[in-house]
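The next part holds the structures, each set out as structure tokens.
Across the two complexes that follow, subunit A remains constant while its partner is subunit B and subsequently subunit C.
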Partner chain A sequence: MAKKATGGLAAIFHDEKQILQAATRCREMGLSKFDAVTPYPVHGMEEAIGIKRSAIPYVTFVGALIGCSVGLFITVWCSAVSWPINIGGKPMISLPAFIPIMFELTILFAALSSVAAFAWLCRLPKMDPVVIDPDLTSHKFAIFVPEHDTGYDSGKLEQVFKDLGAAEVKRMAEY
Partner chain B sequence: MASHQHTDLHVSKFKAPQSLKTAAFALLAIGLITFVVGLMRNQERIWASYLTSFFFFSCLALGGLFFAAINNLTKAGWSVTIRRYSEAMTSFIPVILIGGLVLVAGMKHLYPWADPDVVASNPVVAAKTAYLNVGFFVLRLVLFTAGWFIFKWFIVGNSVKQDTDGFESHTLKNVGLSIGFVAFFALTFSLFSVDLLMSLLPTWYSTIFGIYCFAGLFQSTLAVLALIIIFMRRTGFVRGYVTVEHLHDTVKYLKGFTVFWAYIAFSQFMLIWYANIPEETEYYIMRSLHGWLGVSFALLIFRFIVPFIALLPRGAKRNENHVIAVSVLVLVMQYVDIWWMVYPNFFGGEMTFGFWEIGMFALFAGLFLICLMSFFTKFSLVAVKDPRIQEAINHHVTY
Partner chain C sequence: MIKRNKLILGHKDLKSITDDICQPVETPPGKGWLTLFLGAKTLLIFYIIILGCVIAKGMGLLGVNHPVAWGTMIITFVFWIGIGHAGTLISAILFLFRQKWRTSVARTAEAMTVFAVMTAGLFPLLHTGRPWLDFWLFPYPNQRGPLWVNFRSPLLWDVFAVSTYATVSIVFWYIGMVPDFATLKDRAKNQIRRKIYGALSLGWRGSARNWSHYEMLYLLLAGLSTPLVLSVHTIVSFDFAVAQLPGWHTTIFPPYFVAGAIFSGFAMVVTLMTLVRIGFPQFKDYITIDHMEVMNKIIMTTGMMVGYAYASEFFVAWYSGNIYERYVFFVSRAFGPYAWSYWIMICCNVLIPQVFWFKKMRRSIPVMFVVSIFVNIGMWFERYVITVTSLHRDFLPSSWGNYAWSFFDGAVLFGSFGLFLTLFLLYLRVMPAVSIAEVKPVLPVGRDDGHGGH
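Up next is the complex of A and B:
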């Protein structure tokens, strides 16, 4: 059976500023796979960890283009190829009448592909993460460094986190 | 990083660059000469161009007040440091009051329903005289512009009073006033655009016309707001208070209302096209003849497709030169849009543009710039004592 979680080092802080400094320090030390767990979005955390922009907007854009094309195809095919009906003497392919359908399908495909991409990137519906500390959802902040990260050295990291004011440093076992 | 940047907060007294002052007064002089010469030589043309430019700048002034009002009533924090820029635009509102009264002098050249012969010969127009008559038109114009002026007086007045005394009560009072203004504005601006633009063709009507004009109003207002933000950042009168984050969110708004304009414009067009009733299609038929078809498509392409795609990437919204180019395009297209609504009704439906139009635009552009500069000279460039100022200083757009 594949292991459910990687082991590593978790540092718990009580202050937003400390965790931002710790994240910056981790990035400066060359670590790249670590993550922060905070009860609310902390401004500046993306830059501190070095998170790149999400791929979701690009997925949305492609989804939108596909939806728009599908809308055009369905309307043209239905009203001009499969079952042509003369409506009010207008041409079979009357673009203004098709635009609402193209618009709606653009939105539908863009929205659904965004949700799907979001779920994929967050590895949902995996619902049993290791609980580092139950208080991380209310008033504590944590940085988790997995043991397979580049230049991982638990002793050195523990000292760095302690120096930055970590309230607690936990070694998380692999299981 | 929001938590430890913006240590350098600085706002200095505004002093208009001499070149800008010269330009504004030169524009005003060109405009006044054009107006006087036009009144003597080409009355119909001068009033049509007067109406187009008057409406263009009225929209910007009202849009400025609308932007300030929606941010007041939603208790928005991010926009506090740029609110003063939109309030500056409202200093043009007294010009609407006077410009509207001047417009009354040109009514008989513009509005067919103001001509008793047209009313007598056209039963459709005759049936609308209960609303479309000179007395009621002037009454509405005065009531609307006076109402806007009163709201501007109190909303902007409270905001600048706070700069000296710092009382939070001004912010609270502005919430109620802003709610009142938005309700008043929704009704009056719809009727204002119906009166000034839609009634140029009194046999035609569109129930969405007011919203169409509003969409153009807000889109062009946001373009001007983005330009003012960039101007203030580059000239260095304000440092730290207004960051690229504020520009980013303003341009997001601009992109959103670019889509909104297209949505409303298409809603108006599609229902008329689909129902195909002669009394409604008249409007679009006039705008498909004599070369106007090209302008109609130019609106679709340069007012929606190009700005929308140009503003889609995140980097584009944070690049000042790019935002300047798109904002100028949006403003040009706002003028083209009003010109496209006004001009097919005159000159036998032929496309007409030339020196008179540029001159009248210069008149109002000069007045608008003078109003902006005198407001900025008189008041602080940032509402420094607003209770939500910290939220605006630390504003940060995540990705």
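Up next is the complex of A and C:
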């Protein structure tokens, strides 16, 4: 799913509340592909934009199951199949003793697969991406509407954002 | 309604928070930092030389011998691993409990975890005696059979626990820093700085869709780290508890070790935070006296839990009716040749933290600094007591013997602080020491402007 960078309209705000209003407004106007750029996760932004709950937990669950099975498989196969050695008269498949290993591998696989899923879903790492404004990672907030969004009308949007108190409205050639 | 205290002092806005936290990374270091760094680095070089000697000449340089076959290296390993636990407790467990005060100390505590685990990890690797064969610890396909590792051994569980802990802690720490690296990149004035922080930030731009995934990932990693951190010290305690030796063979070890780990870790956090507050005065608005007070309360609580465990060990030894158990605790440990170490431990871990009953003491920086140092000493001695006093007199009086402490024992212990402090001081200069993105949402907490906290 290689997406070409598209152009669009970006509005920069100085206040957390204004950007929430702007996001709600965009959604009411029928836009759906727009995004907000904020220095920290803004409370209520998911609802305002209409972002669905992240799918990462499903990956974590599968990763955890795989980790646990791998742990069970290595311990049992190494100790009871590949080269069985009697240690202190314990049974070949001494399950209670294998639980720590299974547990640690469950956590390890779950954590690493979640991070991989995160990177894939966010398309990270990105090489030197275009930035709307360098202050967006510090104290400013922005709404970006791509030009291929349904009902995109740059003149109308610019007016809407200005009315909502945007400090700056920028046309981006690509983002 | 109980009034909430402000989590961030002073009249801050979003921009001044960014400026404050980025300042140490963006300005040349001052004299104080340089002095500390030169000291730490000299100690690190000394440590490298000592470890070189130990590797070249062998473990015989240290005092370990029959019957005390586990000595400084194992004691100091458990000590450093324990230190690491407080970082994960602050960053993961307090996150799950929605303790908002954690945000300003989490980053540095997590860094402490990573460096403490790195420092700790060296010890068992060297204690094997032939560190160049340490890859034997992992089950890899080989041409000797294949001959596998013994999965029933607690020492092998430790290999898995500590390496998983190190990996997950580093990942958790790094993921937390990604948005802050993007901030540093966007503020960068020169190209090299921009490139380095740009690469570290992975091209993070802070879009709402990415934040949604990011918050979910952070929650998941916190949820995974929580059982992990409890399992790690549990497994470390199994190294002792699974053995048959009186003094080690007790079921109380896992919770006792975890409480002790949190105790010592918080003491180290307090030690480091008092120093960070002196070195970077602008952080006093983020790491406030309220934060320090809360941590001191945790120190006192866990200190009493540890004290309870000490008492419980004696009770169970008496209640078991077993003469060897009774001998180890009532004769050998409390009144034997190592009684001094036992009483140092009791003083430092149980008695001294009691000063925190008084609010004035909890909120006094010099007092908490001194107490935290005593706790660190006491917790090192706790592991010394467990390891050495249990080993030095076993079932056969003919094989009794004392630990032959040598110069190299002291040198590896003190040298390890060189490694830890060098890493920590470098961290303070190249990474944002307070989480920029996490602190901003707690800015309104305790402020009377109508939308404070939710």
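Rule of thumb we're sticking to: the second predicted complex is superposed on the first by the 169 of 175 C-alpha atoms of A that agree within 3 Å, B and C clash if a C-alpha of one lies under 4 Å from a C-alpha of the other, contacts with A are read in each partner's own complex, and residues count from 1 in each chain.
By our rule, a contact is a pair of C-beta atoms (placed from the backbone, for glycine too) under 8 Å apart; a residue touches a chain by one contact, two chains touch by 3 or more.
A quick note: this is a predicted structure, and the numbers were derived from the prediction, not measured.
*Asks:* Overlaying the two complexes on subunit A, which is it for subunit B and subunit C: clash or fit?
*Replies:* By the criteria stated at the top, subunit C and subunit B clash after superposition.
*Asks:* Kindly classify A:V70 by the partners it touches after superposition: subunit B alone (first), subunit C alone (second), both, or neither?
*Replies:* A:V70 contacts neither subunit B nor subunit C.
*Asks:* Applying the touch criterion given at the start, work out whether A:L20 contacts subunit B, subunit C, both or neither, answering first, second, both or neither.
*Replies:* first
*Asks:* Could you figure out whether subunit B or subunit C reaches more residues of subunit A?
*Replies:* Larger number of subunit A residues touched: C.
*Asks:* Quick check on the superposed pair: does A:V169 touch subunit B, subunit C, both, or neither? Answer first, second, both or neither.
*Replies:* neither
*Asks:* Is A:A97 contacted by the first partner subunit B, the second partner subunit C, both or neither?
*Replies:* So A:A97 meets both subunit B and subunit C here.
*Asks:* After superposition on the shared chain, which partner residues are touched by A:E47: those of subunit B (first), subunit C (second), both, or neither?
*Replies:* Once the two structures are laid over each other on A, A:E47 reaches subunit B alone.
*Asks:* Considering only the listed stretches 25-33, 61-69 or 205-213 of subunit B, which one runs into subunit C in the superposition?
*Replies:* It is 205-213.
*Asks:* For subunit A, give the residues common to its interface with subunit B and its interface with subunit C.
*Replies:* In the superposed arrangement, which is not itself an observed complex, subunit A uses residues 41, 43, 46, 53-54, 57, 88, 97, 100 for both subunit B and subunit C.
*Asks:* Note which residues of subunit B are touching subunit A in the complex, please.
*Replies:* By the definition above, subunit B touches subunit A via 1-3, 266, 269-270, 273-274, 276, 312, 314, 394, 396, 398-399.
*Asks:* Can you tell me which positions in subunit A touch subunit B when the two form their complex?
*Replies:* Listed in rising order, the residues of subunit A that touch subunit B are 16-17, 20, 41, 43-44, 46-48, 53-54, 57, 61, 88, 96-97, 99-100.
*Asks:* Please output the residues of subunit A touching subunit C within their complex, sorted ascending.
*Replies:* 23, 35-43, 45-46, 49, 51, 53-54, 56-57, 60, 74-75, 78-79, 82-83, 85, 87-88, 90, 94, 97-98, 100-101, 103-105, 107-108, 110-112, 114-115, 117-119, 121-122, 124-129, 131, 134-139, 144
*Asks:* What residues of subunit C sit close enough to touch subunit A in their complex?
*Replies:* Subunit C reaches subunit A through residues 13-15, 18, 139, 145-152, 154, 156-157, 160-161, 164, 167-168, 171-172, 175, 179, 182-183, 185-187, 198-199, 202-217, 220-221, 224-225, 227-228, 231, 235, 238, 436-438, 440-441, 454.
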